[in-house]
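Each chain gets a letter, A, B, C and D, in the order it is written, and its residues are counted from 1.
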């Protein structure tokens, strides 16, 4: 059994601590929220671990993660290992690894998929870094990943950065999958040829080509709210879709589906579209077509 | 000089009558609106024309045009010519031509572009039908088309249907052009790097690659309303974009830009999107991501 | 146990006969290919069934199905039931139902998903038609659908046409799902950040958000051919994607993902693109940009 | 009259020197290609200018421009002005301006549109930088811009970077416009309803909504090669389209048309698509659909 430090006990980290403990591992958790934290500080966390120490960072991507890495670099030492399991951009990983290497600390980047269901089902894991570091952390990965053959819920994707890169692409695909189901749902709702849309979607869960976990979740959502009309059609994005599209651009890879899914989210958040005001204005100019005046 | 019957004196037909009369042609106009009509009925209109008669139909596409063709088929006869200048779907033309041929009446379908500016600038014309019929109507086409070489504002596109087909594709292209300008406008507005967006767009009118009539119209619109915020971003579509996309499908032609422009119009008219409610519901299901509740 | 006539013993029908017989049903199969056929003609097939008879038609959509319906209408009678399980366009169903109703024969349209795996796994079924007809055929549906709760692999979608409509939308979604995975695969291949692309994709099978049957099939394909380079990137389409897009147009539903997936298939079949020749020509005209000459 | 240094005498710079000299300005041009260069080095160029000196840099974007700016920063001094008229990314401008400010040298970034036609027609100009610097360079801008009102071919877009930003968005729009015409052209070619496609497109030049310079160029191209079949449908991109899309992502602006136009170019350059091999493989897996084997 491994003794592990876990920094960040939000929705994901909290559940991961539960799953790791259930597997018999010793986990010392730290969070700024004292109510869920096992220790009062990063110093205390590091002090409680047996060497060689492993610390898993599960805090928001960007500055919070970068800052946590800097602080832990000062606290950890030769032979220790830091794992970033957050949704960091892959471009952060090389810099993190270099900073830590300066202190003799190893680094792995891990893409973690599965959301709030991971505690029970296990998390899909994609790992970047040195094989020797992957080996050290394997007991943790085995506890976090789903039951079944390891290679179906875990991959060592490549060198530092490859784990987050694989997770980024995974999420880009996820955007496309969700939008595909969403367009089909809207068409079924709009066309009114099918009487019972939730029943049809529920009936796709077995035997069909589109059967998938996202479909199962859509069935769950429709069970709770058959026309989804308790919700607004307002969708945030958390970065990975944007990065996937940037990488598609950088690699000259056509990504019409992933970009369409991202743009649909952007549009969902607009009260009114400047672009469509421009189109309305043009139609009015050339054709005298009616426009809707604000407040009209 | 030709004596012409003109059925339909709306925004387009009314202006065309003006332009034809200014060119010295005799035009007998009929409209259900007695205030603008020269005659009280189609019978009277036909009665006032010298044979071989030419009647130009300029009424809304679909049933109104089909009905008018049926009525005129009964009133016209051997050697007469009917011209449909409305935005009819090209699939209507063959049927119209066959009905009229049964009465010895020729048929031309004409795509007419230029909107409310056509009275002054002339109309771009795309014609389908027999060369001999085109010849008969050429004095009318020459009066309606813009000044300059005939072949730059007029084409005999092919057999019956080809005129409306060419106009359909013209309008499909137009959708794409408008959306391209609209996306650029929105990005300039959003990024706030450029201080004076209308000045930049005005400065594109000469020398640049994007100079065009639509750009000139955007400049006009921005002169009147520099942020276009008197308008709502709500955009109708009148059919040709849909037909262009259907034809792209029928001919296995990729049309990502034209379809994107059409879908942006569809989306502009939705208060809320069922598709995006589905995406929001899915994110909530797997990740516990916050959703916006209606009325929340 | 039911005695059923099954017309069309191709890839789908042949397997369905196996599955139905394994469930204990009597099936009389007819195919033009005598090697697989149980009888020599439709007449013989109908003659071997006990009344009230049920005949399942599983032949190619379009003319072959329409023709088979016409022939069976003459052979069947009051109280019999015809089921079209092919990939017919939903617009064919109403006409089929009317023709058969004239002979007192009932009609159900069934969308069948599951491909070559259905024999073993069962087929996802979406059914359109009258509840009383659905009831009559339920033993057959129960034999064909996957094990598990009926409502997870079967739905009575609505009136005549609703089964094929639901299947059409299912396939439209499927286009989008496949293209999303495909774009992600291409990006992983192109970026070369991930060392072992097949391993990463295999590792997505458990725990992740994108886990799905299509992902499992992609893993199978990569097991056989890790870079998929035995294949050409040439993809046919069999109609349902086109119809889904047409219906999106008819219902003013934005479908950017489904259309992008369809257009990607169109483009995959072009040796050279007229559109891109036009773009190349334009760049050459305004910028003197180099172009590739044919044979150059 | 101004005395100006002009660095870079390629397709654009060479023509600009001609236009400036024709307007009466003194231009000292430098190029690594001695055949077109007026001087042997940047030092010599700077030495021949009267102070306060203005040097216009017109070399490829990226490293060549950045390097030239560094070299000129050492050669120029207090009160001099450097203008980058190349297609630099707007993010380079702030850094260039800061480096030059360290030497007391002013900086303007200028987006220049018009391609090889600019020598005769004038260039559309978008300028970023301080108003006082714009004032100094105005005689040059007036010589380069097209005849007609200054504000229709020139804009002072904003602070440093705004000129290249405006040009970037201009080019993003241009991508969309070109693709819209290209899709229309391909559909007309494929559908074969219109007999004489070049005649139809030529007939759009006057009176229509789509009339534009790009249309005029398409007519020129079709005059030379009516089916554009001397060309391959292979289209490069030079960066601005990618940057526009990146900026759309950064600003959460939906850009479906501009992205579709960019992706069409990416796809045009692929011999075979890994994405479409994946779709083909999936269809083969679930449906036993035929695939094309390489060399098959």
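Assume contacts are C-beta pairs under 8 Å (C-beta built on N, C-alpha and C of every residue); 3 or more make two chains touch, one makes a residue touch a chain.
Nothing here was measured: the structure is a model prediction, and the numbers come from that model.
Of all the chains, the one whose CA centre sits at the greatest distance from that of chain B is A.
Here A-B and A-C are compared, and the pair linked by more C-beta contacts is A-C.
Separating the centre of chain B from that of chain C, both taken as means of CA atoms, is a distance of 38 Å. Inter-chain centre distance (chain A to chain C, centres taken as mean C-alpha positions): 33 Å. The distance from the centre of chain A to the centre of chain B, with each centre set as the mean of the Cα atoms, comes to 47 Å.
Taken residue by residue, chain D touches two or more other chains at 114-115, 179, 181, 183, 186, 190, 209, 213-214, 252-256, 260, 263-264, 267, 273, 275, 286, whereas all remaining positions touch fewer. Residues of chain A touching chain D in their complex: 209, 242, 245-246, 249, 252-256, 259-260, 262-264, 266-267, 269, 273, 275, 286.
Listed in rising order, the residues of chain C touching chain A in the complex are 90, 113-115, 118, 121-126, 145-148, 151-159, 161-162, 165-166, 169-177, 179-181, 183-184, 186-188, 190-191, 193-196, 199-200, 202-215, 244, 247-248, 250-258, 260-261, 263-264.
By the touch criterion stated above, chain D contacts chain C in their complex at residues 11, 114-117, 178-179, 181-183, 185-186, 189-190, 213-214, 217-218, 220-221, 225, 228-236, 256, 264-265, 267-268, 272-294, 296.
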